[in-house]
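Look at the two complexes coming up: subunit A is in both, with subunit B in one and subunit C in the other.
The block that comes next holds the complex of A and B.
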């Protein structure tokens, strides 16, 4: 098959793998429930804290951040364990021997996980409205949706990078768990970066969700989200490139040492 | 004498065999590092919300974080028998059930206590929250009582876990309820009245309040009432747990569902 023809089939492959994995995630009662309930628990805690003293603007800030936390949770824990999960399911070898590059298969899986995170975001916004009476006004709906889509894709790319970066760690899910709280802090989901120690800011700026969250907030407030969106998209592409290189390296290593299927 | 052996040796063996998080690759990130990040997260959220001092969140979250090792380890130490296909072997033995199951709780409590104190020390140091040297002993005692009552609740959940497939859903949701309701981050007075009423019947609520009192320099007498209530909850949940385990055993024998996962 010519290179051009193979490239032409990529979008269909991405779509099929994304849809297939989304359906697999949907049949897991545990996964589905926890993806929705887990961020809700922390959102509830945070909103209960904020509603005591904070004004309306801070509550809206916290609600948007709490809603987006679910996407990070879906990435940090689930994506970190992505390759291990394939190993345990006995499908890793099949993915590895397929003529399609490993990265092209892993990316839509991460995207499916981020899509579930979006569902959790919707649930949190609904919860904030019904239980706490907080409605998030969206001044620029088109920019808001665009910011959301770019953020979700960038987070999926980060998830992809994470999945290949921690593949040597056997209990990658535990490592992913640990990343959950620092991610919420570093990306400014609930707390402005100005409240964090100064040395943290450069780390935050290297994380696409920081820019994505800024773009979401700007577009909701009717500001200019484009600069933040550009940084978010750029960092996402950088994650994809680095992840692609790492995935090739770990794959070659696993083939050389015959460790693909070792759990 | 046999019951004493079952309690101490059997309990420790079962704990080591069934609690898979003892591997350092899981133990360190999940039970030592994660609670410290939990403290940092809520301390910064608290600063942004302007609600309480750092000390409030350090103590609240350090004590509440003991729920992770308590809930996870206790349910694993009981429901794990089913997944390992050893439940039948355990239940046909003539060993008395009370020492058999309570013996498993002992290492659970000890581990949760150590993890909780670790996060209190590290979280406090990182945020510059110092606990007076003289307060460490009574605070440690209160944390121990909190771990006892939380493990007792986990014993009841362990009995439920003999029926349910997703034990981790059960423990995660219970952890979440304790996070919201126990007063670790939201003062009880700021909770809706019905939630605050539930909090009175849940483990850790009184231990967190007592630990805060003692860390602030109060005498143990002032916290004795809270500690007493936490101990009563421990006794109550242990009784419920043991009865529930007995009931599950009888049901599984009657319906031949002993190891049906």
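The block that comes next holds the complex of A and C.
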């Protein structure tokens, strides 16, 4: 198959892999429910805390942050755990020995995770409205939706970068678990970055969700989301480029150190 | 040109244990292995668990890099151009793993058809053709989690053939399958060989290799200890007589003591369920039974039987290092 033909088939491949992985996630009613319920529990805790201020702007701030937390959790923890599950199931070996570049297979897997995260985000916004009576006013709906989409894709690309590490290191899935809660703080989902120590700021700025969250808030408030959106998209592309560039080297290292399979 | 050419292959694994005081260990899983497989041949790589069969296969399918030596498939170096190798080989391993449980058989095949570059317009027909070949037509819309081990294994074979590979690597494909299922699977493998596929099969069942393979290499402790046709290997032990003595509570040294007796060519003590069986091979003109019975170290005696040597005896003798020269 020519290189051009292979490239032409990529969109279909990404679509099929994304769809089938999404179906795998959706087919388990319990698992799917947990993806929705779990973020709702954290959102509820956050909203109960912030409610004591009785400041509507603060509650909207917390609602948007709580909604983004669901996607982050899906990306940080579930993406890396899912790759580990593939290692246990023996399917990781088959993905690795497929002629398709590894990065092209991992990317739609991460996108499937992000799609689940989107659902949890919607559920959180709905929950905030129904249970806490918080309605998020969206001043610029087009920019708001665009910010959401770009943020989700950027988070998926971060998940993709993490999943490359999971292929090389058998215990790298734990990295996802470790990142979950610090990510909520570092990305400014619930607490403004200005309240965090100064040395944290550069780390936050390297995380695309920080910029994505800022763009979502700006567009909801009618501000200018474009600068933040640009940084979010730029960082997402950088994650994709790094993941794509290192994936073959990482795979060779995994072949050298025999870490792809369990046996 | 041989389809598979392996020369001086070595693979070392490095492991470490401990937390504060890390202890590093190296294990040589494959040591100076060389063999070749010709086009259309069904080549068997035989050996006990941990002999190095799977490591060799994993190097050939580009899942592992060799520590030293070279391995070429269809003239392509597996270390230097793995993607070119992947496009032209299929890989099937035994056991429950390697399938997406929550997807149907059809979706599993559709997924891998995409990954293995099967043309979109050919996918449907190819999947149907393969499902029919492995006898899963009518079950394709069921989720794999409800499949028996035999059905999963057949689905594995279909998956491995999706992109019509020139070379097929089968790593213990019948492991854990009931005798009827295993026989059906061997039938499928034989059909593929008849159709001209080059197949490399690993197994630790001698009868399976005998039934299917044209050439066999016996691998033990990472090194090839014998190779040839099944008839060649049988000829290593066709001379003589085999006595099987059922024992209960026999110490390990019984086999070693039997080996020291005059006229004994090889002796092994095997566990077969609740009974131990001392298998002693001797020259045809010597009756070694009385001498062997005299060195059982008080073990309780069961049945005694005598038979001609089989290929399995050759295999056991080779991997236990008791093969007559």
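One rule holds for everything that comes next: the second predicted complex is superposed on the first by the 246 of 263 C-alpha atoms of A that agree within 3 Å, B and C clash if a C-alpha of one lies under 4 Å from a C-alpha of the other, contacts with A are read in each partner's own complex, and residues count from 1 in each chain.
As a convention for this text, contacts are C-beta pairs under 8 Å (C-beta built on N, C-alpha and C of every residue); 3 or more make two chains touch, one makes a residue touch a chain.
This structure is a prediction, so every number in the text was calculated from the model and none was measured.
J.: Thinking of the overlay built on chain A, is A:252 touched by subunit B (first), by subunit C (second), by both, or by neither?
T.: Second partner only.
J.: In the superposed arrangement, which partner chain does A:134 touch: subunit B (first), subunit C (second), both, or neither?
T.: neither
J.: In the overlaid three-chain picture, which partner chain does A:233 touch, first (subunit B) or second (subunit C), both, or neither?
T.: Touch partners of A:233: none, neither subunit B nor subunit C.
J.: Based on the superposed arrangement, let me know which partner A:36 touches: subunit B (first), subunit C (second), both, or neither?
T.: neither
J.: Could you tell me if A:221 is touching subunit B, subunit C, both of them or neither one (first, second, both, neither)?
T.: A:221 sits against neither subunit B nor subunit C.
J.: Which of the two partners, first being subunit B and second being subunit C, lies in contact with A:69: first, second, both, or neither?
T.: After superposition on chain A, A:69 lies in contact with neither partner.
J.: Would you sort A:99 into first (subunit B), second (subunit C), both or neither based on which partner it touches?
T.: second
J.: Starting from the residues of subunit A touching subunit B, keep only those that also touch subunit C in the other complex, and list them.
T.: none
J.: In their shared complex, at which residues does subunit A touch subunit C?
T.: For this pair, the touching residues of subunit A are 1, 6, 9, 12-13, 16-17, 20, 23-24, 27-28, 88-91, 93-101, 105, 252, 255-258, 260-261, 263.
J.: What residues on subunit C touch subunit A, complex-wise?
T.: Touch list, subunit C to subunit A: 13-14, 54, 58, 61-65, 82-83, 86-87, 91, 93, 95, 97-103, 107, 110-112, 114-117, 120, 143, 159, 163.
J.: Of all residues in subunit B, which touch subunit A in the complex?
T.: Within the complex, subunit B contacts subunit A at residues 23, 25-26, 29-30, 33-34, 37-38, 40-42, 44-51, 166, 168-169, 172-173, 176, 179-180, 185-187, 190-191.
J.: If we count contacts the way the header does, which residues on subunit A are in touch with subunit B in the complex?
T.: 29-30, 33-34, 37-38, 41-42, 44-46, 48-50, 52-54, 58, 62, 169-171, 174-175, 177-178, 180-182, 184-185, 190-192, 195-196
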